[in-house]
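Input: one structure, supplied below.
Order as written gives the chain letters A, B, C and D; numbering starts at 1 within each chain.
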Amino acid sequence: MLQRSDIASAPAELDALYHSLEARAMAPLWTAPDVGGQEPRSKAAPHRWRWQEIRPLALQAAALVGTKQAERRVLRLMNPGISGRSGTTNTLFSGIQIVMPGEVARAHRHSPSALRLVIEGEGGYTNVNGEPLPMLPGDLVLTPNWTWHDHTNTTAKPMIWLDGLDLPLVNLLEAAFFEEYSAERQELSEAQGVSLALHGGGGLQPAWERPSSRHSPLLHYPWPQTKASLDRLAGATAGSPFDGVILEYVNPATGGPCMPTMGCFVQLLRPGERTRAHRHTTGTVYHAIQGRGVSEVDGQELDWADKDVFCVPGWTAHHHRNLSNTEPAYLFSFTDAPVLRSLDLFREEPAGD
Amino acid sequence: MLQRSDIASAPAELDALYHSLEARAMAPLWTAPDVGGQEPRSKAAPHRWRWQEIRPLALQAAALVGTKQAERRVLRLMNPGISGRSGTTNTLFSGIQIVMPGEVARAHRHSPSALRLVIEGEGGYTNVNGEPLPMLPGDLVLTPNWTWHDHTNTTAKPMIWLDGLDLPLVNLLEAAFFEEYSAERQELSEAQGVSLALHGGGGLQPAWERPSSRHSPLLHYPWPQTKASLDRLAGATAGSPFDGVILEYVNPATGGPCMPTMGCFVQLLRPGERTRAHRHTTGTVYHAIQGRGVSEVDGQELDWADKDVFCVPGWTAHHHRNLSNTEPAYLFSFTDAPVLRSLDLFREEPAGD
Amino acid sequence: MLQRSDIASAPAELDALYHSLEARAMAPLWTAPDVGGQEPRSKAAPHRWRWQEIRPLALQAAALVGTKQAERRVLRLMNPGISGRSGTTNTLFSGIQIVMPGEVARAHRHSPSALRLVIEGEGGYTNVNGEPLPMLPGDLVLTPNWTWHDHTNTTAKPMIWLDGLDLPLVNLLEAAFFEEYSAERQELSEAQGVSLALHGGGGLQPAWERPSSRHSPLLHYPWPQTKASLDRLAGATAGSPFDGVILEYVNPATGGPCMPTMGCFVQLLRPGERTRAHRHTTGTVYHAIQGRGVSEVDGQELDWADKDVFCVPGWTAHHHRNLSNTEPAYLFSFTDAPVLRSLDLFREEPAGD
Amino acid sequence: MLQRSDIASAPAELDALYHSLEARAMAPLWTAPDVGGQEPRSKAAPHRWRWQEIRPLALQAAALVGTKQAERRVLRLMNPGISGRSGTTNTLFSGIQIVMPGEVARAHRHSPSALRLVIEGEGGYTNVNGEPLPMLPGDLVLTPNWTWHDHTNTTAKPMIWLDGLDLPLVNLLEAAFFEEYSAERQELSEAQGVSLALHGGGGLQPAWERPSSRHSPLLHYPWPQTKASLDRLAGATAGSPFDGVILEYVNPATGGPCMPTMGCFVQLLRPGERTRAHRHTTGTVYHAIQGRGVSEVDGQELDWADKDVFCVPGWTAHHHRNLSNTEPAYLFSFTDAPVLRSLDLFREEPAGD
């Protein structure tokens, strides 16, 4: 940004020009604070939320606020560097949702897309466009852009999960639509497990119908299969130098990201493994499914253990370390990588360890 | 947004909960102001900038500020509804750039992409990655993401053009990179007209090389051909009910948008033509190349004449009318449509006239 | 085709013209036998090969011919309607390959692509580009275009499988390349099961590498998972009216066909199920993995039982019937559908039952 | 191919086996003549047809055979190496069509796709799906897969053009459909020049409609623009070492080939230019629009001059030489490259000059 004093000529005339411009909804570019800068600096800060702090607050919220009052009983994870709006990273929202026994989070749909990574519970369902999707710990469930969805706890224990949404992005793009369903819950039109049976078989897809949506036709990725894939690969392949054995939850109809705005990943860090540092223009929200470790982000150490959540802002150097020498650690994460790739704004580079 | 008073139970305990959350970088979702809303309402306002006001201010700026002081001598068109940052619409920046005889706007590159629609001048060049692209009134010149570019006025008259950038978008996505070139101007490595000869022939493309970039290999769309296409089509086809005869400047290697983040369009309104109203989630910046008319945007009338600039925010109902009964009107425009389409957030609907 | 007598004028001059043309490597179009015809009539005939006849002949061949003499000990399934070249359908080759205990079918590669559907055996391997792929009954193993491959029987029992190749197509296109490996067998560079672990997890793909090939990175589709998917779906979905519950073996990196020239399918016909008739421009080779039924092809009945092979030529009306009222039937099949779709020559229509 | 004498064991038993196989529609692979071979050898031969021989024969045919007798009055160019079917190369058909003053080649459509490169005439039209496309010398006109088309000579001079079809390919794939129109000529529903105005503007495409076909929406590529592009590029770029300045006629909606089965090209050889030799798996038919030269194909010289036609079979080494030291030469050509690329069977390599 140019300072006014840098302009050699005629400060009085310049002042007059600036006032004339302002009066006509114009402004000089050479004084603009939002132009220039060699590389991006995210407003978001690295941060970690501890499960041992989250959980009691979620239960307390459940005791004080009903699903009638709060259509979704969610604790937002507010990035300390972002003010005036929701945001766990610049473009991603993450929260902790709790549904108590017998409760229903009522049906609606919206253009922001959502994912659910189940943390605690003994069952219960997310109904998406008429199909009940089971929710057991470690399962990933998607409720993409404009799909009807409601959540029901049919068990005797609380259900708690991590919500991930592209809400900040969709708000930044001024493209958020929202609609209530005509009833509290959808009528179910599909048997449980149909989309998994149709699209979840490795390398097999129904020959008689092609998905017409941009998002994955597979909406439920059960944890046991996911964990088994990671465990098999841990002994068979080196994986990524920056992330260990890391898998993307893909749209099986395209091989691409499961939703056009968010990519979902799961990675295994072998006992004692320490990855190399890199940085990329995508921001990331992590959830430790199991294990304990430490992630260093632009020099700041975030230690994490079972069920903690932490975030890594875009274009910050980061690496991960599994602090256990005997047990693997499992990290779930989601990013805005599909957005940056679609727009040709994705960059990545190693960041000297 | 839920008001605290809507919560039946225990306001004191709720207060305590909210404080506990805040202390741990959390917040309830049910009090969030940025969630919900049936449909988007853009912060941007409809606005029109008159050429007769812009031009003298541009000349005045040229008299007061040199290219040494201002790397780019640009008057930003500031949407009255957007504060605290540059933005002609929510995601798009537009400005008026002036380069005086003998001046050079020095070489640099950046991850935000840019377009130039020439308004005034008798020649001059934008050099892009070593190739000089001529700039005559009505020409569209692209300087996409991370291409080196400098502008030179080799004539005896001022050159003035409309700048269009995705800068607000790239800033919102925290993905802006910038780099100065090692000299004021690039050395030229290509003859003038090479990319036009290679890629601008209708339906012909070089067989010995395939473009490797995501953006168009064609960087210069001369006005005479563009106008000739519009004039031919005006008598031969109805065009769009919402936009008349409207053409997109495409990437000839893909048939898609000329850049992944911005779509460029040119349309002809026949004498007296009045289009039907519609709305879509993309915001648009218009420039009247020639003609006079009025565009109604959510009930607000923006009248425009030769060389004026105006903007239509996303999800506002709008239609256009050519006020001349004898002459066609020509409107250039650019939008963020490629972004919203890539992310499955594009929506469009007729809006009862 | 026009007969010479149809031409009113001057037969003698016409004769002279025809001779002049012939002398100059030309010919009239109006006498051409290969132009016209309202719709295609395949030269191939419907045919069924019985396993009880195939198997003893395969064993006899194994007794008489060694792998030194026959690089591949394969019995070609010769369509009775096709003469002068190999072809089970017009574009597809199918054969029965037998590898005896201790034998190796030595390493080579070729531009025709191949698939193997295992019929009999207790193990053994196909090594593809250095990775050993297990071969158990019902497994599908791919050796796509230009991949090195050798087959080894490490068990005490004969291994017998169905070969499927696009050899007739590649020969018709005059694009067949072939190369011997420098040794009898490849050195193994990958652990067994790596490609399955990397790419066979439902909806999970490695995030650190993107396949660079046009064919599937998954080369082994084990039968137990395939059968489980079919069995689950049989109770949950109607499937195709023409094919029952039919799955395509896809390329998990694209969701498209596993190879650009051949599509592979597996279908379950429920007890007593009779599908509706249709026809399409693709020819098909079927193998009954398990079950017994009858397929009617342009009025000709082909009955089949465990391990039989049969073919349905392109553009013939056909439907299938499971003759058991208690057991499902499982049919594997492969077609040239990807070819016809790529070239915009795929057509399909119901064919009145 | 293995000779029977190569099999050490028991010739009598082997004979018995072979007879048993034959009786059951089977055959040994190890005696197959159509398997193996290190690289393809096209059945087609290099050949050149002289315009000075073609033209009188075409006129003679026009005198002897009417359009009532011959739906299309075409002289097929028969490759001397291909017998029993039409074929100028293995997959491509080329012919010379003549339409006399006042004649109509009546309306029909077929799944084989066709192109027309006009050689002689002063006008006339090909009507495609209701739109009249002008035909002047050097123009390329497309009648893709299943488009209705008829040709009319409204002038006082004969019209003669080069036909190019994928007929051999479509026949090899057994996918040829054909249908007569209900009248001799289509009713015209579009003004002349509409598709050119819509899709032929360099880098401009209609924004209100997206083509739904796989083939190019642009069906007419006028020679003056094509020649102008070549001439401009001849001085500005080196072009291909193997082909000089060579342009592909593309589908402007995709940047890909104008039809899924045939690619069309036009090249300029500068005065005295001699290209380097290469070979590729595609076969090519050439037509000398203007100029004289010699093309060497696997050691055989084909000299050519204005309006001659010649063919280069797949996988033959070839290069071109312009025999004039003062005038450029212009060659039109069409190939099956899109087919081989779609199926991952395209190969190309330099072939030592």
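Operating definition for what follows: a residue touches a chain if its C-beta (ideal position, glycine included) is under 8 Å from a C-beta of that chain, and two chains touch if they have at least 3 such contacts.
This structure is a prediction, so every number in the text was calculated from the model and none was measured.
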Number of hops, chain A to chain C, where each hop joins two touching chains: 1
Furthest chain, CA centroid comparison against chain B: C
Cα-centroid distance, chain A relative to chain D, in whole angstrom: 52
Chain centre separation (chain C, chain D; CA means) in Å: 30
Chain B-chain D separation of Cα centroids, rounded to whole Å: 43
Each pair of chains that touches, named by its two labels: A-B, A-C, B-D, C-D
Residues of chain D that touch chain C when the two form their complex: 2, 6-10, 13-14, 17, 20-21, 24-30, 32, 34-43, 47, 49, 53-54, 57, 60-61, 64-66, 69-80, 85-86, 90-91, 95-96, 111, 145, 167, 169-179, 214-215, 260-261, 281, 283, 313-315, 336, 339-340, 342-345, 347
Chain C - residues contacting chain A, complex: 191, 193-194, 196-208, 216, 218, 221, 225-226, 228-229, 232-233, 236-237, 239-240, 243, 246-255, 258, 265-267
